[in-house]
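Common to both upcoming complexes is chain A, partnered first by chain B, then by chain C.
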Partner chain A sequence: MATTVQPRETSAPAVSRRRRLNITPYLFILPHLLVFAVFVGYPFFNGLYISFLQYDYLRPNNTQFIGLQNYTNLFTPGSVQYQVYWSSLGNTVEFVLYSVPFLIVIPLGLALLLNTRIRGSNVFRAIYFAPWALSGAVVALLWWWIFQSQGGLINYYLASWGVTPPRWLSTMPWAWVAIVVCTVWWTSGFNMIILLAALQDIPDYVYEAAAIDGATGVQSFWRITLPLLRPVLIFIVITSIIASFNLFIQPFIMTGGGPAQPGGGGATEPVMVRIYREGFERNLQGSAAAMSFVTALIMIAFSYANFRIFRERT
Partner chain B sequence: MTTVAPERPFAEPRPAPGTQRSKLIRNIVLYAIMIAVAAVFLMPLLWMLSTSLKPKSQWFSQTIDWIPRTVTLANYERILGNPSTPIGRWFVNSLIVASLVTLLTLIVDSLAAYAYARMEFPGRRTIFALLLATLFLPGMMFLVPNFITVANLGWLNNFAGVIVPALAGVFGVFFLRQFFNGIPRELEEAAHIDGASALQTFAQVALPLAKPALATLAVITFLASWNDFLWPLLVLKDRQLQTLPPGLRTLQGAYTSEYGQMMAGATIAAIPVLVIYVALQRYIVRSVATTGLAGR
Partner chain C sequence: MTATVRRWCLVMALAMVAVLIAACGGGQGTGTGTDGGAAATTAPAEGGAEATTAPAGGGETGTGGAALPAECANVSLQYWNPFTGPDGPFMGQIVDRFNQENPNIQVQMTSQAEYYIQLGTAAASNTLPEVAVIHADQVATQAFRNVIRPMDDLVQQLGMTGDDFPEAVWAAGEVNGQRYSIPLDIHPMVMFYNADLLEQAGISSPPTNSAEFAEAAQAVTGNGNNGFMITTGFPVQQIFQMLLHQYGGTEFSDDATQATWNSEAGVKALTLMKELQEQYSQPNLEVDAELNAFKAGTVGIVWNGIWQTTNLTGEGVEFNGMATAVPQMGDQMAVWAGSHQLALTQQANPDPCKDAAAGIFIRYLLDNSVEWARAGQIPASNSVRQSSEFLAIEPQASIAPSVESAFFPPSVPGIGDAFAPLGEAVSAVMAGTTTDVQAALDDAATRANQILEQNRQNYGEAPTGR
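This part shows the complex of A and B:
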């Protein structure tokens, strides 16, 4: 067979292609690839290298190769790094546990509400989603003011209803409540839009068939809506966990990571704030790089586990 | 009923008596809930605006006035006139940085995306897989080493230190590549036969077709850059060079318990975003909705 298939036509382009390598595609990808190499590829390895150094960019002469010291500090009980790092990691996990359930249930409720397709629901969708477009700095500053003990909006209403208001931002567990409320207000709209798109993808005839079979609204929610939403729900649970793990600006502006704990570190200081402080307030950039790598490994392991579980089930 | 039925093959079951009324009640309940929820979402923003327009004597008043009893622009004048919090300058800085990041991202990403979507070249799959793999890496891994790179390049206190690293992201390349993959090749092939160069075909045929995707990417890139906090906080230390979000942090430190000034600053930072949001909401919604559906 092969010999009968006009050999010249198939080989001719191959030869000319081999003779002159077409550089046009490389010119197209070059600008992006260059920046990518400098700010994503190189720092991946450079970060690893820095984590083996005692490094302060303000005092380059003090740079020293210290091997695994930055990592052993993180795993030696009693060291400063051990105490503040694991405490901040614990705080981050706490925040994930407090925030993610609200970041799923509330957006789901909102999406169901909007999916009634009542007239004007597009306007309401725009309102619920609006805070997401704002900068975290604006959102955190605004809620910092709302939760102030003196003059804050929340404590004004609590006092007028006869409730003794807590000092939200400086006592536990109220500081977490304030940070979670701020986060839910800021980011619920994002998951809501994703869930709404998924709800609108469920064809009407499924519900019509269920209604003809005598299913009530509640029954079709549990038996039809939720099972059909499952892949999207899994997706937003995973992305919300990762997003909550990256908590930074809300405690950075609202509580400063406080209130202080007796053992060191702050009760609402998340791991990202800890890395920032280690690297840019204490100027221990080698140690901060080591902290980022350990944290990144934990996050990657989590994502990979999720990916596996997700894959097996579907 | 019988005369209508043939036109509607899936006629609704005959409405039960009282359905009309129960539907009305249902709608009233739905609107009540939706309006209540909307109030929860809007009230913090109203409070921000309201505080920013109040004189100092009314920040801690005995009653909560959602509408200020006296409206004043004193808070705005105070922060705009204070050389240690040059918020007008910050606004211009944010505008310059976000516009340049958006423009350059569109150029750089669309060129790359077009090549990955339409051209055959050795290494294409490998390079693209490499880009894809980095999507799973958490961003803060790059904080320290990129800061050192930017410092070594002499880009601290220089807009380049904020703008150039922002172009390294891979999301835009994926997003546009998906779009290019979805449009038919015929027009480009025709242009090619007519003797157009690759760059001409790209710029004159493919890019105009990609306008909706470019608009979506432009909106979300601009918002992300305008709102970015941590990286500009590290790179632009000079007060004259700060952008608005780190500037708000400076305000928080500079005006202890001067909430009117802080809320004036927050309002100034929020207004452009809200204007863009209201005008271009459908692009933002579309990008988010596709993000979710891609996860399936």
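This part shows the complex of A and C:
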């Protein structure tokens, strides 16, 4: 596909395009465009429309156009939505800051270790990757059992070493520690596989040449490995941030959003859980749609900033 | 090389799946064990149940209870409920027996998780079952959301009245002056106690009032044991509601427009909970921690839902775990409770034959609710609760008197939303993120009032249909 499109773009600029439209490239993208339009385009615009309504899909006779009311609620201190929404969004951003560094550094370390071609590295690779194949509910439940206070694995061993264990799931900041540990265990394998593939693409002769010039292992890492991993690292940073923004199931199961805060909203309730509750427990789907759009705009801003930062440095 | 990776991934995945299946299998194994027991005890009950069924048929025919109108041939019914736990098989047996006894009506039962979301999507796509179980606190919401429909005519045909039910649970099925559901059971908050621990501490019978409770909890506390345990999450809101009512308060004003839990009674209730936590419990416990500690045998008393009975008593624990009614801590007896209610769902084209069949089926479930009691529920029907068969089932029989004092939330749509700030306030106080009880309850009431107002605008006066 790329070969048919590229020459046309370079060799035949404005002149031929004005004369007659060549539909061939559009036919090539048509299948995906259709799927995209039905499953992303339509929901997007329909969601935008719903966000201007008082809307519940089971009470169509009650639908009312209320303009920007759902949005102004989100920006009016003291409204029902204000405190819980911004507190949950803050929680999600907090989680992104806590989790993303670990989701880069730990997989990178694992990938470097596996890239040394030790015996049985395939086995380790499979082991590290395995958690990623589990569903989120299973992983969260597993770590709930490990962290829970009454005979949970971690507190049991901490107590037997004479350490007074914290209440991991119901006090701060330990609840974030538990959620981040669970997330890192669950999703590191995926980043590790991608980094490992990238490491294996770095040709050996670069390292050999460096070694002949007297470079140490540490120097090779900073001067060769990291720069050559750059494009892949950028990809991983961006996808990890987006994935962390979508935090839902770990706190949903492990802490239930708790511990509760006096002003409302749990200290570990992420914004996705808040939107879910607004839409499917309170049945205010218009308000939930508005929350989704505000959240999406913020995520887009984050991602755009990422692209700018990395592009400028390149 | 990638082939090797893939193979290893597969092996790992399979191993994990195997572990999970083994774990689940264990749970199901014990489940089937109790099923077997239930089946054995079911048989003798059958005769008695049928005897109570016969009058329901209105004497139209003598065979197998009520009869369908003549023009209706074979009717099939879909029946949904949220019984995905060990209670599901009990209900399944009742349905199976109904199908055997009523060859012209075939009921197919489906137990669903994420229940109200499933019902909502089914309503949107017009694929609702004919009969559904609805929780008491959801009846108004589901009525306004056009998931269930009024059944006054059917109730009249079946000759059912509120006389056979505690007033509060019957009232929970009425929305805007119309009847939307009939109560099947009441599942109250109960007191679980470790009889061995209490006995060692010199307490021979479970506490029934505030003074006895303090004595028992105090006696057990110490040497690594806790007399009483309470968490910072579920069910602290329900415990608060119970104590609030025991001190003479209510959650909402009579017209359900104002939250009233920040009353003197409310402050008393929450202060008492905090005191109990400080004196007998451990602080900052997560949800279910009290159950796990109780099962480990280091806790004297916990308060939780009756549905924990199989988990915390009998073969569920390695000591003498018992369940009984909660004590009266305040000035009057009151018990938090939920209730499963039976409702007819909205249909694009209601079929009189299916409605008649649904009526026969609902009547059958109520008349046989003594068997449902074996799943760990208290039948809502007074006559079933007073039957000798039910009185032989323990601990349900000794818990049953407390459901006379059960209270239910007002029958207005979205009432659950208004409880959310209360849950947060009670949890925050129990978690110690705030210490000012009055301020926390006031703030929660203010937010709940806003939610109630928002709901009134959102849901309107009456269901608007689709």
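The working rule: the second predicted complex is superposed on the first by the 267 of 314 C-alpha atoms of A that agree within 3 Å, B and C clash if a C-alpha of one lies under 4 Å from a C-alpha of the other, contacts with A are read in each partner's own complex, and residues count from 1 in each chain.
In this text, contacts are C-beta pairs under 8 Å (C-beta built on N, C-alpha and C of every residue); 3 or more make two chains touch, one makes a residue touch a chain.
Note that the structure is a prediction, hence the values are computed from the model and not measured.
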Original post:
Overlaying on chain A: chain B and chain C, fit or clash?
Top reply: clash
Original post:
For A:A210, is the partner it touches chain B (first), chain C (second), both, or none of the two (neither)?
Top reply: neither
**OP:** Considering only the touch criterion stated at the top, classify A:R282 as touching first (chain B), second (chain C), both, or neither.
**Re:** second
Original post:
Just chain B (first), just chain C (second), both, or neither: which does A:I224 touch?
Top reply: neither
Original post:
Is A:G47 contacted by the first partner chain B, the second partner chain C, both or neither?
Top reply: first
Subject >> First, second, both or neither for A:W143, with chain B first and chain C second >> reply: first
Subject >> First, second, both or neither for A:F129, with chain B first and chain C second >> reply: both
Subject >> Partner contacting more residues of chain A (chain B vs chain C) >> reply: B
Subject >> Touched partner set for A:Y57, first chain B, second chain C, both or neither >> reply: both
**OP:** Applying the touch criterion given at the start, work out whether A:I194 contacts chain B, chain C, both or neither, answering first, second, both or neither.
**Re:** first
Original post:
Is A:R167 contacted by the first partner chain B, the second partner chain C, both or neither?
Top reply: second
Subject >> Superposition clash, chain B versus chain C, among 73-81, 91-99, 163-171 or 181-189 >> reply: 73-81
**OP:** Would you please give the residues of chain A that touch chain B in one complex and also touch chain C in the other complex?
**Re:** 57, 125-127, 129-130, 133-134, 138, 148, 150-151, 280
Original post:
Given the complex with chain A, which residues does chain C contribute to the contact?
Top reply: 1, 4-5, 8-9, 11-13, 16, 20, 117, 120, 123-124, 141, 144-147, 231-234, 282-289, 292-293, 296, 414, 416-417, 421, 423-429, 431, 433-434, 439-440, 443-444, 447, 450-451, 454, 457-460, 464-466
Original post:
For chain A, which residues count as touching chain C in their complex?
Top reply: 54, 56-62, 79-80, 122-123, 125-127, 129-130, 133-134, 138, 148-151, 167-171, 255-256, 258-267, 280-284
Original post:
Which of the residues in chain A come into contact with chain B in the complex?
Top reply: 21-22, 24-26, 28-29, 31-33, 35-36, 38-40, 42-44, 46-47, 50, 57, 110, 113-114, 116, 118, 121, 124-131, 133-138, 141-146, 148, 150-151, 153, 156-157, 185, 190, 193-198, 201, 205, 208, 212, 231-232, 235-236, 239, 242, 246, 248-249, 253, 272, 275-276, 279-280, 285, 288-289, 292-293, 295-296, 299-300, 303
Original post:
Of all residues in chain B, which touch chain A in the complex?
Top reply: 10, 13, 27, 30-31, 33-34, 37-38, 40-42, 44-45, 47-48, 51, 59-60, 64, 107-109, 111-112, 114-116, 119-122, 124, 127, 131, 134, 136-149, 151, 164-165, 167-168, 170, 173, 198-199, 202, 223, 226-230, 234, 244-246, 248-249, 251-252, 257, 259, 262-263, 265-266, 269-270, 273-274, 276-278, 281, 284-285, 288-289, 291-293, 295-296
